[in-house]
Every structure is written in structure tokens, then in C-alpha cells.
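There are two complexes below, and they share chain A, which is joined by chain B in the first and by chain C in the second.
Let's turn to the complex of A and B:
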């Protein structure tokens, strides 16, 4: 009742219209903030719960629901940093993620340039074929990869996982870079050719700095999709190159539920991603437009 | 528009072709090869022709029934994810401020779920939903709802879909936000002069300008939700019963669990073809509309 009143009152010509308007305006201005705030809260609460658990003892986790640790402990983290089978997992993961990012960019850069600058025999088919690999479920590749990398002797090395992840990262990198490169006017290429630049010199010293943003975005996406993938990484490794994500699943199922340790390991896998985001935070919006909007 | 024709460009594409051929073409050929054969172990193979495919697409057989059940579950899951995530993503993107200190902070929080390894996402929700040690499970049960994702199929679905919304809506938000930022201020000024309200601005300006990013968002979300494996596997393990056994989970079970190579390979091919077909049809129809729009605009021009 009382909420409906101001509107009817403001409709009467005797009262100043500005009286009702700021109220509606203030509410309208606050509503998006409220929705956004609630949504961000929804994103953060599950992560908070994991962080919260990682600082608890297993006794406290299983005995009571507490919103923050009563007896904060670093024991879970200490175990991870002192046990080679745990911290080795992080190093293995970082190895193949970095390898994959480097390989993906190295092959995708010239290809993206070709797609953005020239027409050639079968170019459209090739582009769609590349993208179609992004659409193949990793589950489809798990078994043949297992045999392929076993046959060529790369099984259980970071190379196997890095190459396997190229199946979905290379097409994505080509796609992103092609978008950014198409935004650079072709006159630059022509002028450089007239000025006597050789192609490699032009490409590395003149062209790459112009699409540096795109390279950063492509690297971000390669890092992201390689870092988060589990199925192929787990299938292609056993002992020496075992990534942290696989360590987590195996240890948990074998040794019963050590929730505190699991939570701490999980928190540590979030950190590299958070660091990367922090560095690219000012470019995220543009990057997600994939350079083409 | 008119790119010069130059066949030497193939030299630049060659590394990609070699790499992807090695890591995609060889496995695909292996899969095709297996799909036509049967094995009783010991690396002995027998020609089976299209037998596996016939069995797979016939709902009355054991394999066919299992495949179709998993297919419907996966389609339902993808549909639910798209129906929730796309509108929610657009909505949240519209609430993001255009400038100010809040933008960077919001974007960082939004991007956070995207960079968490998928099995950790599963772990987070596995813990979060448990009634004994998880906040969500305890809160729901505290409100008098009996919620147990490990035993009740409906609760399992609720958890898995909520997890996917949590995990991936941010991608839609970031894509849409990038699209919204690309709209020149002049459009909004024109709308203000015309006295358009918020809804009219959304329908006439924002939504049409978002078409391209939304195409990308829908494609990516369809593909990835249709291929989902790790997250539901960690949370529910495909259960209770087979309630959340999606295609990928079933496929891995057959391929790496039972080592039924022929069946798994045939299933892989049909599975992959479904994704390719859906994406191609969707892509072809949306880009044709966009091309038509461009041609129309060109016709009306000078």
C-alpha cells in the first residue's frame, strides 16, 4: 500500500514531479548494484567455504559446522609443501601448461596471419576443420591418445599432455589471433614490403608488437584451458609427470577422505589462475571480445 | 574485404596442419578403425563392419538403450545450462558499471571460477553440497528441505546444474560485457533524445549489438556443456544410479573402464558428429542472418 502511494501522488499535478523521481531513480540506480553484489556473493561463497575448510583440522570439519576456523591451522598446507608427491604435482602441471602455451602460440601466429591476410586453396575448409577439433569431446580422444603417445614414447612426460592439449588450444589461438590481426590495416604490410623489410623481420619486429594484446589474450586462454583440464592430463601420465589435479583425485580415493588436505590442495590450484587474472584484469573485457567486436 | 590470393600462405599454415594432424587426425583414424572391429583382448581384432553403429542407434539393444538414455540426459543438461546461463549472463553484464574502480574488481571475481581446474570445481561443490560438512547442504536441510545429492536424483541434477551455472555464467557475462562496451555512446544519446526507456534501449540497441558475442557464447556453452565430464564425475560419479551419467562419463566408462574398444569408438564418432552437426547448423543459420543484415544495410546505403 504505502509503496504504491508516491506514484499516485506524484501523478497529481499539484505536487512537484521531482519529488517522486529521485526516489524511483535512486532505487533504479541501486538495483543493478544489488543484483551484481548478490551474484558476486554467489560466486565467492563456495570458494570461501573451500578456503575456510583448508585452515581447519579434520576433527573440526567433521564435528561441527563453523563459518570460520576455530583453531586455524596451517598443517594441511605444510603437508603439501613438504611432500614431493604433492608439490611435484604443481610443478608438473605448470610444466605442461607453459609448454602448451608456447607451442600453441608458436604455430598459431603464422597460421593466423595467413588466414587474416590471404586467400588460398581450401582456406575456409581448413579453418572450419581446425575449429571442429575444439568441438571434439576430450573423452573421445582419451583412449587413442593413450595408445598414440605410448607408441611414440612420450607417455608420462609433460610433452604428451602439452601436445594433447594443443588439439583444443591451437584452434582457439588461431581464432583469437586471426580476429586481432584482421584489425590491423593491410597497408602496414605493404609499406613494410616496399621499404625492404624481409617477411620474418617484419613479422617479428613490426607486426607482433601491433597485435601484442591479441597474443596476450591468446596466451591467457591457452593457459586457462590447459590448466583446468583433467581427463587427458590424467590419462596420459602415471608417475613422473602426474599433474596436481590427478594427484588430488587419486590420493583422495585411496586414503579415505582427508577433507582438509583436499581443500588446501584445491585452494593452491586456484592461486595461479587468480594471479594470471590479476595481471590481465584491465584487458579482460577487450580480450573476451576476441578482438572483433 | 578482397584478400589477395596467395598459395604460398600454405607455408604459414603448415605447422598448424602438421601439429593438429598428429594430435587429432591420427587418433580419429584410430577411432574409426576400432569402430569397425571387435576385440576379445590379446590384440586380436575381428571385422565387424557397421555392426556397432547399428547396435548403437537401435534403442532395443543394450548398448543402444544405454546410449540414447545418456544422450537425452546430456541434451537436457545442455538445454538447462543454456536456458539459465544465457539470460542470467546478459542480465549480470547489464548491471556491471561502465567505468570506475568497481569494474576491475568485479571482472576479477567473475573470471575466478573460469580458472579453477575442473576437478577442483567438482570438489568445491561436492563439499559445499554435503549435508554434514557443506554450507549449502546444511543450509537447505536446516530450512527443512531434505536435500541429499548422493541419494536423490533430483537433488543431484540441481547440484550439477547449479555448479555449471556457477562455473560458466561468467563466460557469458564477460563476452556480453565486451560486446556492450563496444557500443558507441552516440547510440545511447540518440535513445535519450528519443525518450526511450531501459527496455526499449535493450531491445533496439543492446540486444542486436550483442548478436555476435552471443553467437560465440551459445556455441561455446553448448559444446562445453555437451562434453562435460570432470565436474559431474567428481560430484556424483554419474549417480545416483545413472541419473547424471552424461555421454562423456559413459564413454570413458566403456573405453577406459571396460576396454570395449569397438563400442567406445563407435560411440565416440556418433557423439562427435552430433556436436559438429548442431554447431554447424547453428553457426550457418546465425551467420547467414548476419550476412543478410549486412547486405540489406549495404543496399539501403549510398
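Let's turn to the complex of A and C:
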């Protein structure tokens, strides 16, 4: 065996030396995995800690640092799902988030199509102006919205928050969808027109499936922004439409901070985002590039 | 069904993209729009389809003015150079698309789609989606959709340009036959003179947004009305030389003269044109010989394209049979029969055609 070895080496001299695998193998091969592993660990530690805490009692959280719950309890979750002031917060949040996502998409789809397919006076400026809406901090809009909604009776309803968030989400959705739509050859629209399709039929039956990824990504971004936005949501609601993010900021009671409950609420807040991201995972990178890949 | 264009013109961004075109299109033989990229072929096709509005002129279909009619209200089908299909629909649904919109009975849709799929050999792929097919199959799907509609006007914009050689040959032969029996007006745009001749039928040549000539393919090729048409309808490019007529003799500069073709004016500046296949590197009886320098030789197998600098600075191409590989830089003589030249006046119009040029 040991004699055969040199022969096989000399039998294949064709590969340039640089093509050969670097020597000193195991550690070097493991290094990328190690770095990646550490990176993921750092990312996941806070989330793990949140989940960890949500299954602990307040006593355990405040008395000792434990890597996993010594006395696992579902009490925190039970309270959220039984106390109307808690689960009501989720329902309120979901209401305005879904409303906002639907409104944003319904408005953004035709707008994005127009920007993608037609040239009109000031189209480029208008397009950029849309995005510049996102540059203003939400606080700028809080006061006018507060006054306005109070005057027309929208205050403390899901509609108030849903409409307010449109200021940020419609431009974003238009930008994302425009990118995806511009990736569809205009000739497809023309072929459909020549085939005889009416515009609405073409748009819904032929065109929307082609930009389904973009619709998903736009929906995801609207959903996430609206879901995590705190300032407008809290300003425009009091009792009836109080969102979960607002509820979570008010957990300080006379008995001190309810850590476990807050952690459980946090976990439940992450879940919808994770679910939505699962559906658009294949398109999300393109979405971050605003559809321009 | 016939289509007539009366002074149809187009402009975009303040510039004219198509100068007024007057043309009649009839069913039966294919109509070929021939011109280089940017000549206005696509512009004209889009006007015919109704995708764009002409800036002037009227479009008549069977005597009816259809100028402003949107494409979905016209009886028209179109195939693009890019393979355009609906990616989310199956091949069957892609072909059936115009019939579904027309709400034909299910059995008839089924029958017509199967028939078109059979003609274009797409039967095994009907359940697949277009993007799972090869380029040729995708384009055949698009052609099948145009066929199945039985539109009065079928427009094809360089449909074979993105296909490989073999498929192109096959489809080029099939296309006119597929549409010949349907009673449709068949318009086919191409950049290739050879394609225009192979398809036969009527040719309309376009150059820089102008319709320069229309007529039977062979006639336009042999007797182009002007220099622009001859250039468009020539591959390899037309060989040109400035010349002067003096007393019925054509002076080519230097001491070289040749008899003017019959019908040429007695005097004046003009341009001599001769096609690449009329030039020989070997002496011919009765030929004119010009000194030249070889620039490059391209051998295609059975023919050779020899690029030459003739009489100093005229760039000519000779298409000669067999494998000829003269050394670049070497001197050569080019020979051509003076009875095969085209002569264009100073205004670019055809001045005279030598007796044998028309026979070629």
C-alpha cells in the first residue's frame, strides 16, 4: 500500500498546484462553519432568552440566572389568552395590520402598474416623492392625525391606525411592486390585449400571478411595519382599539415588573412575522432590493 | 380581407419614427417588411396591430376605418421576436387564450388548439408551462396562439431571429404554408434579405423610417428603385463606387471606364452598385478589372467572402465559390461584368440597370 501511494500521485500531475486542496485540513475546513455558527448563536441568544423567560415564573427570573426553566410554566401564556386586555390587544393589532395591508395593496397595485407601464407628466418626480414620504418620522404625522381623526370620529378605531400607516406603507408597496412589474415584459400585456382580454381580466387572471412574489413581499413589508409601529398606533387609540404594542408598554404594576408575562407577549409578537416571512422567503431578497434585481 | 394604409406615419419624442406609408396588404402571399434594425419595421407592425396610434393617416380593414380601434377590438394576431407567452399558464391554455376570451364552446377550443399543436408539433408539451420548453418550442407556442385565433391580420416581428439555424430553416418554410390557406393577411418583418427572398411574396423595404419600395420580392431585388433599397436588400452589403458619366461612358476614376448601361443619362455624377456575388477574383470575358488589396477572407465552407479595398479606399466584398484564402494585404484584381451593374443618379434614384443585372 505504502508503495503504491507515490505512483498514484505522479499519475495525476495535470492539476496545477493551486487547485489542490489546502493542507492542514480539519481546522481550516471547520472555520467557516465555526464563524457562521457563532454568528447565528449571537443572533439567536436574545430570542432564546425571550422564549426561555416566557416559560419561567417571575420569581425564577428575578432570583437566579438559569439557562432553561427549572420550573416550566404556561401561566404567562394562560394569562394572555384569558385576559381580554391582553388578547384583545392582539386582535386589535391584527385588525388594523390586516386592514392596512389590504388597503395598501389595493391602492399600490394600480399605482405601481401605472408607474411601470405608462409615461406621464412628472412620473419620475412623483415616484421619488412617494418614497420621500418614508423619510419623515412618524411623530411628524401623529398630531395632525390625532386632531383629524378626532374631528371625523375615526379616533380609537382600527381604521385610524390602518389609514395612518398607509402614509408609509403605500409608497413602499408601490416601490416594491413597480420593481416586480417592470420585470414582466410589456409585450405580455400587449399580447393579452391582442388576444382580446379586457384590462381587468388580464390584470387579475394573467398579470397578478406573474407578480405574485412581489405582492407577497409588499404585503410582508406592510404587515411588518404596521405590526411593529408603536407611536402612531398608541397615539391614535385609547381603549377600544388599543394595540398589543401599547399594552406591552404598560405592564408595570404596583407589584413591579411582570417579566414573564412580558416575555410571553414578546414571543407571541414575533410569531406572526415569522409566519409571514415563511411564505415570502423565496422572494424576500428581491423585495429588499425593492424588486430591482 | 385586405388592409390598406393611407399615409400612416408615426412620431415619438418630437421626432418622426415613420414617414407616411401608403400600402395595400392582401391575403395569400406573405408580405415581408425588410429593413435593418431601427428602420421602422416594428413601428409599422405596432401601428398595424393598433398598439400605437399613428400620428397621421388612416388604416382601413376591408374598407372600414379602424385607425383608432384598440387591439382587443381588432381581428389581429402578433408574434414577437422575444418568445412571449403567459408563463403561469400551460401551453394548452397559452394557445387557447384568444379562444377563451372569445367564449367559444369548449369542444371547439379543444379541437382548434389540438389542431394548431399538431401543425406546430407541440402535442407532447401541451400540459407543460412555456418556460419549461426550449426556445423553439416557446416560439412555436406563440405562433400556435396566432394561428388558432384565425385573425384577419397576422403580424410577425422577426419571429425567427432568436432561433437556431436549423429551426429557422424549418419554420421559415412552414410559416407561409400555415397561414396561406387561412385567408389572413400575413405580414412578416425581417432584417435578412435572404429571408425575404426565400419567403417570396411581396416585399416592402424600409430604410430610416421610410418605405422605399414595395412589390414582388424578386422584382424589388433585381430592380431597386433607389440606392437605399438596394442597400437594404443586399447581403453582403452592396458594393458601391462613385462614378461619372461622360458622353455615354462611365468613368470610375483613374483610367478605368466602362460602357454605360442602356438608358443611362449622357452625363452627370452617379453611383455604381454591384452585388457581391457578381464579383470575381478571376478574369472573366468582357469584364472590367479593378485593382484591389485584400483585407480579410472569410470562408464559410463552400463559399468565401473576400473583403477588399478597391481602387484605394472603396470597401467591397466579393462572394466567390469555393475556398479562397488570399493573404491579407496582398494585391488582387477584381473583375465584374459591366452588364451586371446598377447605376444610381446623384439623387440616389435608380438611373439605369444593365441588361444582365435584372436577369440575376
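Points worth noting:
Definition applied: the second predicted complex is superposed on the first by the 254 of 293 C-alpha atoms of A that agree within 3 Å, B and C clash if a C-alpha of one lies under 4 Å from a C-alpha of the other, contacts with A are read in each partner's own complex, and residues count from 1 in each chain.
The rule is short, and it goes like this: a contact is a pair of C-beta atoms (placed from the backbone, for glycine too) under 8 Å apart; a residue touches a chain by one contact, two chains touch by 3 or more.
Treat the numbers as computed from the prediction; the structure is a model and nothing was measured.
Annotation for the three-chain superposition on chain A: chain B and chain C fit side by side. Once the two complexes are overlaid on the shared chain, A:183 sits clear of chain B and of chain C alike. With both structures placed on the common chain, the touch criterion links A:117 to chain B but leaves chain C unconnected.
Number of chain A residues touched is higher for B, counting chain B against chain C. When both complexes are overlaid on chain A, the residue A:50 reaches chain B alone and has no touch with chain C. Using the contact criterion defined above for the overlaid structures, shared-chain residue A:206 touches chain C, although it does not reach chain B. Legend: residue contacts after superposition of the two complexes on their common chain; A:195 is shown touching chain C, with no touch to chain B. Using the contact criterion defined above for the overlaid structures, shared-chain residue A:150 touches neither chain B nor chain C, since it reaches no partner. After superposing the two complexes on chain A, the closest approach between C-alpha atoms of chain B and chain C comes to 9 Å.
Counting contacts by the rule stated earlier, no residue of chain A appears in both its interface with chain B and its interface with chain C.
Chain contact summary for the complex, chain A toward chain C: residues 185, 187-188, 190-198, 201, 206, 209-210.
Touching chain A in their complex are the following residues of chain B: 3-10, 12-13, 15-17, 19-20, 22-24, 26-28, 30-31, 91-92, 94-96, 103-104, 106-120, 123-125, 127-128, 132-136, 138, 166, 170-171, 174-175, 177-179, 181-182, 212-213, 216, 223, 226-227, 229-230, 234, 247-249, 251-252, 255-256, 261, 264-265, 268, 271-272, 275-276, 279. Remark: chain A residues 32-33, 35-36, 39-40, 42-47, 49-50, 53, 61-62, 65, 103, 106-108, 110-111, 113-115, 117-121, 123, 126, 130, 132-148, 163-164, 166-167, 170-171, 174, 224, 227-231, 235, 244-245, 248-249, 259, 262-263, 266, 269-270, 272-274, 276-278, 281-282, 284-290, 292-293 touch chain B in the complex.
The touching residues of chain C, when paired with chain A in their complex, are 49, 51, 70-72, 74, 76-78, 80, 82, 84-89, 97-98, 101-102, 142, 145, 149.
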